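Each of the next two complexes has chain A plus one more chain, namely chain B in the first and chain C in the second.
Let's turn to the complex of A and B:
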């Protein structure tokens, strides 16, 4: 199950929503006061790890989107050109969003199925910040947040999951229904609307109030486990029913990714999903899963533009992406 | 021009139609008499080269189609299960068809642009046979043939040409019109009807009477030269207008051919044509053109079935073909 889980669960994320005591929520706070928060939080973290501060009014559009594609900041933060800021550690596992919906949103993302580890890490960050900054906290409501759906723990625990089997069988809705009873929700990570390009989904808790952090993590772990099991079954049937056609589709996807002269990000995601499934089935030998997942991020539009170090138009970007993808994939895979 | 011609002209072929003096044409001759011809011709050739005799009533369906796909025998010969036979030399450059439309059809196929060489070779074969067998010959009509279109020299000189540029630009008809004034004709080699899968065409003379062998060869060479020049120009414009899209299409074709799990012969031909064009443009480095052309023949249905040494159904054949093609192509090409 462990190796299989590695193919299914891409990353685990814990996010804590916090606000400064005595300060109106970001929507209402004055720019002057809001502008002080990044400095205070940054100061609180010095000594814990090496952090860099990115102010949304200083960052270039590409650099901002690079961080967004890495899931280190949100579109909402990016748009707050007045007082938005992100404080990110060197390994890019911890990111503190300042003046987004809440004053402070602390998140930790770790590869694989590691919610507890992510919680431990973000808890340490939370403690460090809490030493310098007093968070708004009520006896009954717990951490006070701008949106009532985050009250209580202010915690969102989520797993990013690769679910080609359930997607292709249209069984995702059944899973959603099953886990919604556990107060869980699921959404596509890439692409618009309910469709998820590349079969990548995020499963997370909806309930933050009246439960402990530990209970949230347990519930998400249980849900993720259920979904993973269903996904494994779906992959088995898919292999049986898909047969040679499916294997051919996977091998052609691999052939195109390692040979195309140009490729856009949507097709890249679709083909990578097939190759990822091929790695699960053993059709393709993948020697470095971490690099494979990093490639997914690196080939997104802003990241690929940033890697090229050049001012590329859309077509040139697709050419650069194809070359980059082919090179990386050829290094970490074998037929 | 020489290297370019190598990419355009796949092979050259000379065919001489002959009939035995005093014997009715194959349509009318008795089976007893017809059955003697293979033996006589075979005897005439012993000492010239090592020949194998294939009798159409003994050969398996697959083996017969193997020879047909190699252009060593015709469908008409294959169907003459009574008295049809082929006498083929070891290198498979010379093939004598017995009891097809005429009693004896001698052909020589050589790779590249080599009509004169092919003529020299088949002329020697013709002389050797003529020493044992008296051919029907009239002072005015030359060699007498079953169909009047072959009277005179009984000779058809042809070149197999790879013409993607002219095909894609729909300029082939203009070429056909131009060369038809020279009494030349052009037809697709693979696929049904006027379409040619893989852009491979055969250019040959129509006129056999009232011209010398030398004149026929000169006329075919001139026509082939004209077509090749037009093809080169078309390829240049194609490269300019096709740009990145064309290069991408070529590289994806290469990726699919070297990675697909299954492939049918039609798609194989279409993708090989793109790779061949890519080799011309220098997008793909081809180290062994002879093996590349051999691969085209070897991947045809009967040849691939024969190479597999197994009794495969259609799907299994496509799987075997994909594996074979990927292996050979990976050996003789580089990006």
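Let's turn to the complex of A and C:
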């Protein structure tokens, strides 16, 4: 099960929403007061780890999108050109979003199924910041947030999951219904709604008030476990019913990814999903899963543009992507 | 201003309805408004959450003039956007916000971490609060609520036993 889980759960994320006591929330606060927050938070973290601060009014469009594609910042933050900032550690596991929907959003993303570890890491960051910055907090409602959906713990625990079996069998809706009773929600990570490009989905808790941090993690772990189990069953029956046709489809996808001259990001995502499934079935030998997952991020539009170090137009970018993907895949995979 | 209904508590919920040219004002305290909102939500469903839904269901639109004394956010603004303006809004506009909180969170009491890291006796406090709610529920013959509360108390005991 453990190795199988590694193929299903791409990454784990914990996010804590916090606000500075005595200030209106970002939507209502004056720009000069909001502009002071990044400095205070950055100062609180000096000595804990090496952090870099990115201000949204200084960052280039490509660099901003690179961070967004790495899930280190959000579209909302990117759009706050006045006072938005992100404070990110060297290993890019911890990022703190300043002046997004709340003053401070602390998040930790770790590869694989590691919600507890991610919580331990972000909890330490939260304590370090709380030593220097007073957060808005009430005994009854806990951490006070701009939207009541985040009250209490301010915590969102989520797992990014690769779910080709359930998607192909159209069983995701049933899963959504089953976990909505556990106060969980599921959404596509790439593209819209339940039709996620590349079969990648995010499962997270909805309820943040009246539950402890540990209860939230337990509930998300339980839900993720149920979904993973259903996904494994779906993959088994997909293999049985798909037979040679399925294997042929997977190997053709592998052939295109390692030989194409030009590829856009959507086709890349679709074919990568098939290759990933091929690795699970053992049709393709994968020597480095971490590099494989990194490739998914690196081949996104802004990351590819940044890696090329040149100003490329759309077609040139697709040519560069094909070359890059083929090179990386050839070193980490084997038939 | 005192509550129109119980005439005991301070009114925190204010609404002005205009129907056929007749203006009706309503000023309620948090508890009375909560009761009212509960009654109305039985048929409004989730529509109460955001005023956009009110128009959808053809319900009478009423302007809610309550305003946070600290940041100036109005109850209507909250109902339209789903966002509050500042930490004080939760108290200043509690009559409007708390029904939404209990609906979206199905809870109104924090049990997790606090900024100073100390959890204190939060669990014991919550347990007492649940016991109080349980008595109330049984008294008013809300047996389904009572069983939900009992489950919560069981969970709490399980956690403090560890």
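Convention: the second predicted complex is superposed on the first by the 333 of 335 C-alpha atoms of A that agree within 3 Å, B and C clash if a C-alpha of one lies under 4 Å from a C-alpha of the other, contacts with A are read in each partner's own complex, and residues count from 1 in each chain.
The definition used in the following text is that a residue touches a chain if its C-beta (ideal position, glycine included) is under 8 Å from a C-beta of that chain, and two chains touch if they have at least 3 such contacts.
Since the structure is predicted, the reported quantities are computational estimates derived from the model, not experimental observations.
K.L.:
Using the overlay on chain A, decide if chain B and chain C clash or can fit next to each other.
P.N.:
fit
K.L.:
Given the touch rule stated above, what does A:12 touch, chain B (first), chain C (second), both, or neither?
P.N.:
The answer is neither, since A:12 touches no partner chain.
K.L.:
Taking the superposition on A as described, I'd like to know which of chain B and chain C A:27 touches: first, second, both or neither.
P.N.:
A:27 contacts chain C only, not chain B.
K.L.:
When the shared chain A is used to line up the two structures, what angle, as a multiple of 10 degrees, is there at the CA centre of chain A toward chain B and chain C?
P.N.:
Vertex chain A, arms to chain B and chain C: 140 degrees.
K.L.:
For A:248, decide between first (touching chain B), second (touching chain C), both and neither.
P.N.:
A:248 contacts chain B only, not chain C.
K.L.:
Of the partners chain B and chain C, which touch A:146 in the superposed model: first, second, both, neither?
P.N.:
A:146 contacts chain C only, not chain B.
K.L.:
Just to be sure I read the superposition right, which of the two partners does A:260 touch: chain B = first, chain C = second, or both, or neither?
P.N.:
After superposition on chain A, A:260 lies in contact with chain B alone.
K.L.:
Thinking of the overlay built on chain A, is A:213 touched by chain B (first), by chain C (second), by both, or by neither?
P.N.:
Only chain C; A:213 stays clear of chain B.
K.L.:
Which chain, chain B or chain C, is in touch with more residues of chain A?
P.N.:
So, of the two partners, C touches more residues of chain A.
K.L.:
Considering only C-alpha atoms, give the closest distance between chain B and chain C in the superposition, rounded to the nearest Å.
P.N.:
Comparing every C-alpha of chain B with every C-alpha of chain C, the smallest gap is 48 Å.
K.L.:
Report, in rising order, the residues of chain A that make contact with chain B in one complex and with chain C in the other.
P.N.:
Common to the two interfaces on chain A: nothing.
K.L.:
Which residues of chain B touch chain A once you look at their complex with the stated criterion?
P.N.:
244, 247-248, 250-252, 254-262, 283, 315, 319, 322, 335
K.L.:
Using the touch rule from the top, collect the residues of chain C that touch chain A in their complex.
P.N.:
70-73, 82-87, 90, 97, 100-101, 104-117, 159
K.L.:
Which bits of chain A are touching chain C when the two form their complex?
P.N.:
19, 21, 23-25, 27-28, 101, 123, 126-127, 130, 134-144, 146-149, 151-153, 155, 207-213
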